[in-house]
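Take this structure first; my questions come after.
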Amino acid sequence: MVKKLFVIIVLIGLAVFFYGMLSSFSGNETLNMSAAYYAENGAEEVGAANLVTAIVVTYRGLDTLGEVTILFLTAAIAAFFLKSKDNFSKRKVKESSELLKTASSMLVPLIFTLGIYVFVNGHLTPGGGFQGGAILASGLVLLLLSEPLQKVNSVLFAVVESISGLFYVGIGVAGIFLAGGFLDNSILPLGEFGTLLSAGALPVIYILVGLKVGSELSGLLTKFQETQEEN
Amino acid sequence: MSLEDIKKRTVLDPDGREIEIDPLKDYYCAATPDMKMEHHKSSAWVIEKFANWARSESLWILAFGTGCGAIEMRPLMTPKYDAYRFGIQWRATPRQSNVFIISGYMSIKTLKRAIRAYEQMPSPKYVLGLGSCTINGGMYWDSYNTINRLDHYMPVDVYVVGCMPRPESILSGFDKLKQLIKEGKGEGAAKYATDFKWYKKNQKQIIKDWDMPDYNW
Amino acid sequence: MIFEPIQIPWTILGLFIVFNVGLILTGTVRKIGARVGRRRGIRIYQPYIDLVKNYALRSNFTHGMMFYLAPVFRLSGGVGLIVFMPLIYDSVHFSNFSFAGDAILIMYFMFFGTLGMALGAGEGGVPFSAIGISRGLSQVTAAEIPLILAFLAVFIQTESFSITEIVAAQQGGFLNWTLFTNPLATATAMLAFLGSMMRSPFDIVLAPQEIPIGPPTEFHSSFLGVLSTNRAVFPMAKTILYVNLFFGGATSWPELILKSFLLYMWSVVVGTIYPRFRTEQSIRWFMKYPLILGVITILVLQFG
Amino acid sequence: MVNLILINPIYIIGIGLGTAFLLGFFKKGKSVAWALMLAALAVMTYISFTWLWSFIFNGQLPEQVYTAGFKPPFSINLLMGKSEAFFTFLISFVGFLGGIYLFDKLKEQGTHAISVYLILIMGLNGIVMTRDIFNLFVFLEIASIATAGLIVLTPDIKAFSAGFKYMIASGLISGFLLIGIIFAYYFGGTLNIDFLIQADLLAVKGGVFAVFLIIIALLLELKPFPANGWGIDAYEASPAGINAVISAASAGAVYYVLSKVLPIADAKWYTVTAVVGMITFLGSNLMGIKQADAKRMLGYSSVGQVGLLLVFLGLSKQLGINFEFIVFGIIISHYLAKAGLFWLAGIVKTGKLKEWGILRRKPVLVFFMGTFIFALLGLPPFPSFFAKWTLVMTLSAAGMNLWVGLILLGSLVEAIYLFRWLGYTVKLDDNKELSLSTPLYKTIPVWVFGLLTYYIGYLSSTMVPGGSSLSMFYIPLAFVGVLFIVDKFLPVLIKNTVSIAAMAYYGWYYMADLTEFRMLFAIIFIGGGIITLIAGYAKNGKRIGFYPFAMMMYAGLAGLLLSENILQFFISWELMTLGSYILILRGKKSMPHALSYMLFSLGGAFLILAGLGLAYASSGANSISLDILKNVNQYSGLIYAFLAVGFMTKTAAIGLHIWLPGAHAEAESDVSPMVSAILLKAGMFGLVVLMLSMGSQSLGGVSLPYLLGWLGAITAILGNIMAVFQEDAKRLLAYSSVGQLGYVVFAMAFMSHLGWLTALAFALNHFVFKALLFLAIGGVVMRTKTKTMYEMGGLIKRMPFSFISVLIGIIALSGLPPLTGFAGKWLSYNAVIEKGWYFQGFLVSIAGLVAFLYCFRIIHVIFLGQPKDKFKNIKEAPLPMLIAQYILIGAIMLFSIMPNMVLKPVGDFLIQYFPDGALQWQGGTAISRLGRWSGVAIMNITMGIFGIIFVWLLFISRKAVKVKPFNIFYSGEAPSRPELTHFGYNFFAPYKKAVGFLVQPLVTRFWYGLADILHSISDLVRRLYNGNGQTYAFYVIIFMVVFSFFTIGG
Amino acid sequence: MDFGQIAVSVGFLLILIGVWGILTQKNIIKIVIGFSVFDTGLHMIMVGIGYVKGGTAPILDGAIAPGTAPINIVAGIVDPVPQALVLTAIVIGLGVTALMLAYVVRLYEDRKSLDISSYEDLKW
């Protein structure tokens, strides 16, 4: 209890600190310098209708590469210590409900399609590679829920992951030679604003990201599935 | 010292090698009394005479009481008898004493110490036997534990009879001893050296646990 | 002052006088002691007889090199003290070899014989000797504590280490003696003096029955003779040093002998009165009253 | 210089990442994957190297790397400047070597682990280069997640719990960092660090919160004390190879980040950083004391070192132009040493410090371990030494003495556990059951870093101000180096001869034209060195590790004499300490004593350093010449006190003496004379330099020489009394040294002609007779294999020559005329009366008397009395030792007969410093104002008397029979056993009863008490780390909240 | 109080709740959940920070049609940067959460306990 009391006291301290921060935050009336620049020039320079995507993939492309790397890292780390159990497919589990099975076989293709749609259109509409990849992985979750003993081809995920990662880096490097620098999307023509094939290499990158995120998350999920021993 | 202690033994030296220790050989001088030294008299008659005078006038007694006579020696230091005036003094160590007073009966156990002490005195040295016990055993003549004749074990220069002799007798005994020394007859040590084997035989006959070298330097 | 060969015979003469005085003094003191005990006591010349007797003994053995050398060290120490000290003030002949050093030399040379003796006794192999040495050294070093203070006081007072100069400063009437010019220092020194004379209450070193007289246990015949010779010389050397430092020195032999005798008697008188101290008791004693006295002496000199 | 083609630094990231992704294809070919990783790391290293090269040699300008073709602040940019190049090089290089080292672990865990490892290195590189704060966050996350992953490279429960704790804490920290970043963006309108700096967040209301969160989070990433339990646990759990990289690379990287970001804050934050750093430095090192596990201990040390770096960063403004050099020195040392030590920890495998004895199977590795530890602690010739030197000089010049003090204190605490560890390794049992894993891929990195440490040390020595003067050390140290190399191959005979020749040559060539004091000490150091080395011929075999360190010690000693500036002086001092430490450590049971020697020496050295720093600052001349001591304007009392106490740790003044007896007693038989007779004089030389330069100063109204005089006198008496009660022969001599050096200090404190003459006479004499005694006793100990005196006895019969040596030695020591020791006594009385220090003089005289007691004891109990059974056939000491002894005896005799030979020239040059009260010489007779002393006359007269009496005795007892030991009067009994007849134990029992109270081990108790308190505090404080991840997280929050109160205000 | 401020305050509240969970829950899964809450709070703050009064999503269609003069775009949208950042932050949070859960799986496998105080092997 004493410990909790301490925690409370410290949290009060933290709260006081946060209150100070909160009171210093007065909301925005206008965009600040950076945001204004993006708003003014984003469309022209990058050619993506979705300014967020423009920022994520080009202006702050290195961050994105980094976050992809983090996902890759977690998957890799989990992979090297979560050793698959050979007999995971032999354990006894309760049969999934008919409803779930049917629904999933209906929904999964849809979900996959949606995921692909989301990352392909990342530069135009809300969403993008991460979101798309996550949607792909959620499809897999549904699949696994309905068929917990299902064997999933994790090698495929690994290959997709590696290839997409390599291409991503490759595109980045290509930017140095063909355009203004690492991860410059103008290695491909910017195209017509607002169309699918616009914004240079941006959609390509987002597709790669989507694939990579999807395969990484899927790989991670498979790993969890394979490690499972009991119900 | 026990018999155990003079047996040979092996010990480890610092380097871990075994070495044998023979105490009688390693720790005791094996030589017997040197006849030449004990009999040595200065070639010049005058010097020898002078030396004998000095020896007789400076009698240092070994403070060693063996029997009931020991108590009779104490009064010699008192104002009544005052032996000091005759050049008689007591020394605590045989190394610096010339006279050994065997003051009465001597048990076999004490004899061993007495022999050791006697042999450790520098010569010329003199023995003064007090009382009948040193002459023939006295009232303890048939004791299982005391010796009868002292002169079987060490040369005695002067006997003082009595049981016990009074301090006056002892003083008179000293007087006699002085006389003998001045006459050049105080050669007990020489006698001991000459008849060393005989004395040793007698000593060893009565002392069963002989646990020291034959001659104690 | 430099060395001239003629000094050698004069020094030997001085030494001879000191030696004889020492022997007679020993006898006299014992005689007095006996008279106090209402005995007749020894003959005054008894020490001579004893000495001759010891040299005349026939048996002789040695425990080894240091045992053999110990008496030599001992006597060299005693003789050296005499030789390095001017005996008679203002006398060319009896200034000995005092050109070689000063009072500091004397202070340290005192240990020369002590060390040799201790070594020889040690080699004798008797544990009693070793015990005696241990006691003796402990006690002597303790006794030196006030002594050094007293000496320092004299040095400070006269601003010199030279015994001749110290004596010179005390000339011109007995009131110039250190005894009167610095009674505290003298008192300190006299207390320390007791400790170095091996007399009661500080004679446990030679406890005759406990550790058959301690260090000299094994020494006999001629070795003992040499040691006895030193027994005559060494105390004399010490008393002469004290006479020089505290009692105005001596301008003639009779004066020297008289002063030495009186000084010698001081330790005898104390010795006949007081019983024996244990070693640690005597050490503590020296570290109490004489030390305090000595410290006061110096304080008075420094701030008085 | 050669122009290297510069490669765009973005490739460092590109290649790292690309290869990591590529590795996905090599699920089966683990070795190929490993090789690919190494190749990638090699390229990354090379890229950084090209940049570093160009920056250093070609004057390259820093280059901005833009991404996505846009300029900052709108897109992320990287910067490659000199420090970026340096740090990325360090990171990739240790990554490369660490990769080699981790061969087995990585292969075992497969491709995934390899790519994680590669990404860690890439991420760290990114941290260094990026100029965007959010990007920085991303790279930090990469690095910390990769670290969390690598912690579990050895997948056991400990690793996972550590990893989990790590993630809790680092998750919280990064969360707060993120809040800070977003608010910084809100207030600053940009994420680019350079623009944020310009935006001056602190000027905006509320901006301070953002700054606070960013900086506190970055500080927390650096694992400040006490919010660092998570980091420490990670160090303990993760494989050593990983630790090496984490400690060497990530600490540097995150530190660099902080230095990059700190400009967004104001001066207050620099102070906060420095304070946090200092708390961490002190706290972590304190905690290290109580550790029993190597990796955990190194973890604490790493954290402490980072704390130290934080201090520098916080003080960067005050450090000014020297900032870079200092940071360079400390970082590079930490980098090389910590990686090296962690690698060694992996080789040894066992965690327990007390099992490190097994490392001795590979002496080279022990050598490198020593190298790393010395480098870590800032001993010369390693880079951190020069950094610390510069640091102290700079901080002192800036008047920041408290910081100097705390830094040195922390270093001292660090030294405690590191040297203890080294001691364990060198001395404790080699447990046969444990194995050592030394495949080539594990030893190569250690070799590389070990050798680099020396090379960088050399480089640093050229960069430090005044570094050009250090060339004087090149030849001796090169010689030492050669000895190291050939040490394994040559026998003692050759090495000894070469060493003697080298010393003789060096002495002849470099030191022959020294004058005055320096010449005198040169005679002691070099002459003494040669003589003690002669005794070394007695040893057989190869004696590995002896000669290099002995020569290093002598190099240090010689350096002291040749030094012209304080840098040379201090390096020499440290070299000497280092060499002698190892020499002492070589003794059989010397482990704890060597440790305390080292600690006292280091403590002393730090005081000296602080004193020199103050002097440097106070003289204001911006010069490091030794002459600055003469021109000290302020703090003169303090400087004087620091230096004097520092030097007196070597002369072992009372209170600082407790290291000495053990160290001298447990050392080998020919090392004891080196350390006792020779080494102690180094402290005296220091005092000579100090006192001649600064004269007498006072502190708080008390004259310091006056204090020194008392201290010396008390040391003399107490040292000697303690010597009296020792049962161990060498310990007795060691305490005697304490006392003798007390005389020296006492005499020097007079600051008068006679006083100094006394001191120098004492010093010379002490050198001769103590060397003699230690050699003689050493010879005896060599033969008897025991130092306990009462176990010996009667050895005079078997070792007469040693006996004579000891006899001469003790006569000289106790100052009996006619031998040379009397010179010192006579002079000291003169000086005492002249100066008026009667009571001190009195104490010293008493000390001399007491010396007489132990002198007798040592000769009696060993050589006289009853010989023991087991020494029946014992041999005389080896001839070389006897030769050395008899050379010294010759010297004693010469001094005794002709004291003027030495004292007159000494007096002559003393006149220029102390003109008054000089002695007058008439031939061999010295005449002072007070008295006279003629060595030759005393000798002749004494010898004459002695001779005559001897001949007389010889004549009258010519027929003496030689008898055996038991032919003694034993109260009518015959002795039974020699053991029962030898009086040696507790020899001065009555004395002990009477004055034993004076030698109550108060000082020992004080220091042990201090050590106890230190240990208890350490033990108490480390309870903070209760192993619970939640608690650690709690500390992180508390740390933040508390600091928010302090910095932002309630 | 505009939306931004509300979001930020809620975010801070969530952070406090998350920290409370992390510091007091014994169950390690709950601790991970605490982290999720903490992260969510973070993300809310980030998004809230970028809110501009009256702004719309920074996508150039619909409300802000393509071809709108830049000056109007600037006036019409919320700050896109925090949104970009929060995307990254979410993914990182996801990764961290996944990894923590993986650790939990491994820890549980070994000791069959979810109590954090069972994992105090390393200390002091």
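For reference, chains read A, B, C, D and E in written order, and residue numbers begin at 1 within each chain.
The definition used in the following text is that a residue touches a chain if its C-beta (ideal position, glycine included) is under 8 Å from a C-beta of that chain, and two chains touch if they have at least 3 such contacts.
Everything numeric in this text was worked out from a predicted model, so none of it was measured.
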By label order, what chains touch subunit A and subunit D together?
-> E
Separation of subunit A from subunit B in touching-chain steps, minimised, is 2
Compute the centre of every chain as the mean of its C-alpha atoms, then state which one is farthest from the centre of subunit A.
-> B
What chain pair has the highest count of contacting C-beta pairs?
-> C-D
Between subunit B and subunit E, the Cα-mean centres are separated in Å by 111
In whole angstrom, the CA-centroid distance of subunit A from subunit C equals 106
Between the Cα centroids of subunit C and subunit D the separation in whole angstrom comes to 53
Counting in whole Å, what is the centre-to-centre distance of subunit B and subunit C, each centre being its mean C-alpha position?
-> 35
Hey, what residues on subunit B touch two or more of the other chains?
-> 29, 37, 93, 95, 217
Residues of subunit C engaged with two or more neighbouring chains = 60-61, 212, 217-218, 221
Using the touch rule from the top of the page, what residues of subunit A touch 2 or more other chains?
-> 7, 10-11, 14, 21, 25, 28, 32, 34-35, 38, 59-60, 63, 66-67, 70, 73-74, 77, 81
Mind giving me all the chain pairs that touch?
-> A-D, A-E, B-C, B-D, C-D, D-E
Any idea which subunit B residues touch subunit D in the complex?
-> 1-2, 5, 9, 11-15, 19, 21, 23, 26-29, 31, 34, 37, 64, 93-95, 113-114, 116-117, 120, 211-212, 216-217
Mind pulling up the subunit D residues that touch subunit A in the complex?
-> 8, 10-11, 13-14, 17-18, 20-25, 27, 65-70, 73-76, 109-110, 112-113, 115-116, 119, 123, 126, 130, 132, 134-135, 138-139, 141-142, 145-146, 148-149, 152, 155, 160, 179, 183, 185-186, 189-191, 205-207, 209, 1034, 1037-1038, 1040-1041, 1044-1045, 1048, 1050
In the complex, go through subunit C and note every residue touching subunit B.
-> 34, 37-43, 46, 49-50, 52-53, 56-61, 208-209, 212-213, 216-221, 224
Give every residue of subunit E touching subunit A within the complex, in rising order.
-> 2, 4-5, 8-9, 12, 15-16, 19-20, 23-24, 49-53, 57-61, 66-67, 70-71, 73-75, 77-81, 83-85, 87-88, 90-92, 94-96, 98-99, 101-102, 105-106, 109
Which residues of subunit C touch subunit D in their complex?
-> 3, 55, 60-66, 68-69, 71-73, 75-76, 79-80, 83-84, 97, 99-105, 108-109, 111-112, 115, 118-119, 122-127, 130-131, 133-135, 137-138, 141-142, 144-145, 148-149, 152, 155-156, 159-162, 212, 217-218, 221-223, 225-226, 278-280, 283-284, 287, 295, 298, 301-302
